[in-house]
Amino acid sequence: MTDNERLARGKKVREAVLGGAHVARTAKNRTPFNAEFQDFLMEYAWGSIWSRPGLDHKTRSMITIAMLVALGRADELKLHIRATANTGVSRDEVKEIMMHAAIYAGVPAAFGAFQLAAQIFAEMDKKAASS
Amino acid sequence: MTDNERLARGKKVREAVLGGAHVARTAKNRTPFNAEFQDFLMEYAWGSIWSRPGLDHKTRSMITIAMLVALGRADELKLHIRATANTGVSRDEVKEIMMHAAIYAGVPAAFGAFQLAAQIFAEMDKKAASS
Amino acid sequence: MTDNERLARGKKVREAVLGGAHVARTAKNRTPFNAEFQDFLMEYAWGSIWSRPGLDHKTRSMITIAMLVALGRADELKLHIRATANTGVSRDEVKEIMMHAAIYAGVPAAFGAFQLAAQIFAEMDKKAASS
Amino acid sequence: MTDNERLARGKKVREAVLGGAHVARTAKNRTPFNAEFQDFLMEYAWGSIWSRPGLDHKTRSMITIAMLVALGRADELKLHIRATANTGVSRDEVKEIMMHAAIYAGVPAAFGAFQLAAQIFAEMDKKAASS
Amino acid sequence: MTDNERLARGKKVREAVLGGAHVARTAKNRTPFNAEFQDFLMEYAWGSIWSRPGLDHKTRSMITIAMLVALGRADELKLHIRATANTGVSRDEVKEIMMHAAIYAGVPAAFGAFQLAAQIFAEMDKKAASS
Amino acid sequence: MTDNERLARGKKVREAVLGGAHVARTAKNRTPFNAEFQDFLMEYAWGSIWSRPGLDHKTRSMITIAMLVALGRADELKLHIRATANTGVSRDEVKEIMMHAAIYAGVPAAFGAFQLAAQIFAEMDKKAASS
């Protein structure tokens, strides 16, 4: 496989998971400073790992959310809560993952994630209502 | 629900997930120092969270492993790699979770987890062969 | 003890520690999405742990702040800095905990906590002045 | 205050907290590689922070243990569990700190700490019995 | 060396690294609550460690950025991205450090750092253009 | 660039950094369980990131060590302390990085790293003496 083939595969998987609106936003934000990092992510995160057949997108979505809650990475967590609309993780499942995370990563990790998810879901509902 | 009902429910779920051998070992290690903590875990981790119907045991097993890899909690990770024999997570799925974790928690987190899983799987194979 | 008894005990301890204003705010923010998590916290964090007699509220308040500084959990830290007004931890003691945390969790953890505490104390003084 | 005065003050406080056996062991392990780091710790951790009057040694001991549990720093945690014999933190209080940490840093952090404390207390009892 | 000598040395190194504007801002923000912490940082972080001759300021700047990215300490990271103008770390080198950090601390750590650096560099360019 | 070209480039860089003995050990430990992960690391960590010309190997070695100390990843840290023999980071520089890390990641992170480095350096000296 060449770099270009992997980039192409990564782009397709990423758009399926994060959605067209996110892809367009990232393309608009591309600068000389972040261009190589964007390409690296496309190949590494999306073309190599998310493209692997061993776990479906829904499962990858759930373990990604679990890890981001545990690590307290709020910005990336927002992306992946939005992505649940594409990966088929229901809001009830998001709730379960976060309650489960309270046990393994502590209550404050889950508490912050609940607030963040509520905010993202409200944005998503508002956008859906206005479209 | 009373404390005792919840303890009973927790015990059942915990034995289904961690296995009878682990349950016996923990009972043997019970001391005045850790007894209240053991009961607390039985009620909350097992009787309250793992007992919830919103995610099946296999999914809870996968997100638990993902979080423990991300947080670098090796001792607890060992328990939950062993538990995959009960929760139905295949070794190929464990591998996928750990490769996925390399993206979100960094290569060293995944590297340590691969070594630990290999060691646990070897122990499990040895025990199976000798029984 | 039944769930309801523990919920009742948790509510009382939580209000004593976090204060009536916080309790009212959380009640107002209760939604179907976070209701089960709120109840879980009430039983688990407040009804089971904070209710234990082995450490007084002031000591629990101090170790909670120390851990939240170390883990960098800013939102939860704000709650517990506000709670010092109820738990009897003085501002000088908050300062000492944060300087101590610089040694064990690193200077950036303490630095962020100092800024956050200054902001919360200013809000508290303003509210006190206007009431 | 000069460096030498602070070193002297740090030495005294450190010996009071960590005990003479630990001090002797560290002195024996002093090498050109770690000598400057040892001196830095003596001034910085012990001469500057632990020497401050704003919190007594028992309270500093408790918040140190809480942070080390949260951060998962096992080697340093061992030192500070041993130090409770000097700082006046009882074993029941160690237990309470660790159960409290389960809420804020997650169950695996507390679980590992309970095992470690049990092992240290057993060593301490054995040494006491043989002396 | 006395405290005052170390404070003086620390002040000089800190101003060389963080710049006069930052020093002025910190002086303005000095309060009874944070004064002792500011002095403590001046002595230890700056007077003891950054003043050591064993690594030059550029190298210290690079390892500081790498650690702050890994630990997710955003506020302190901003200071040290701004400081690259004084320490001689180029923007391309900042980019390389952050791409390197994606491997060791995970993609979300690097992703957040890229966004933060872009924002700081834009502020710096704007300030330079208006002066 | 094709996968195979990148693998080849990664192998070369990795051997230059980690040394032939490590490469041989990893090849011997290759199993169906870890083979894909090994290849993934070879391509991304080594073929994509360490191969970039923007930072030399010595600088990458230093920031890697700094991040591993901060994150407390002991196993990976051992590899990279050994690698300093190939990357040209002196033992005095390792000492400086670890003292610097005490400020940013806390004393316990640096303390553990000092002990680990001392042990690795002793092994290296012993091996050198016996060869």
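First chain written, first letter: the chains are A, B, C, D, E and F, and each begins at residue 1.
Here, contacts are C-beta pairs under 8 Å (C-beta built on N, C-alpha and C of every residue); 3 or more make two chains touch, one makes a residue touch a chain.
Nothing here was measured: the structure is a model prediction, and the numbers come from that model.
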Next on the checklist: Tell me the fewest steps from chain D to chain F, where a step is a jump to a chain it touches.
Outcome noted: 1
Checklist entry - Which other chains touch chain A while also touching chain E? => result B, C, D, F
Item to check | Most widely separated chain from chain F, with each centre as the mean of CA atoms | outcome: C
Next on the checklist: Rounded to a whole Å, what is the gap between the Cα centroids of chain D and chain E?
Outcome noted: 30
Next on the checklist: Centroid from C-alpha atoms only, then distance chain A to chain D, rounded to Å. What do you get?
Outcome noted: 41
Checklist entry - When you check chain B against every other chain, which residues touch at least two of them? => result 40, 44-45, 49, 68, 71-72, 76, 95, 99, 102-109
Checklist outcome for this item: So, in the complex, the side of chain E touching chain A is made of residues 72, 91, 95, 98-99, 102, 106-112, 114-115, 117-118, 121
Checklist outcome for this item: Per the touch rule, the chain D residues reaching chain C in their complex are 44-45, 49, 52, 54-55, 59-60, 62-64, 66-71, 76, 92-93, 95-97, 99-105
Next on the checklist: Per the contact definition, I'd like the list of chain D residues that touch chain F in the complex.
Outcome noted: 31, 33-34, 36-37, 40-41, 44-45, 68, 71-73, 75-76
Item to check | Contact set on chain E toward chain D in their complex | outcome: 1-3, 6, 40, 43-44, 48-49
Checklist outcome for this item: Contacts from chain B onto chain E in the complex sit at residues 103-109
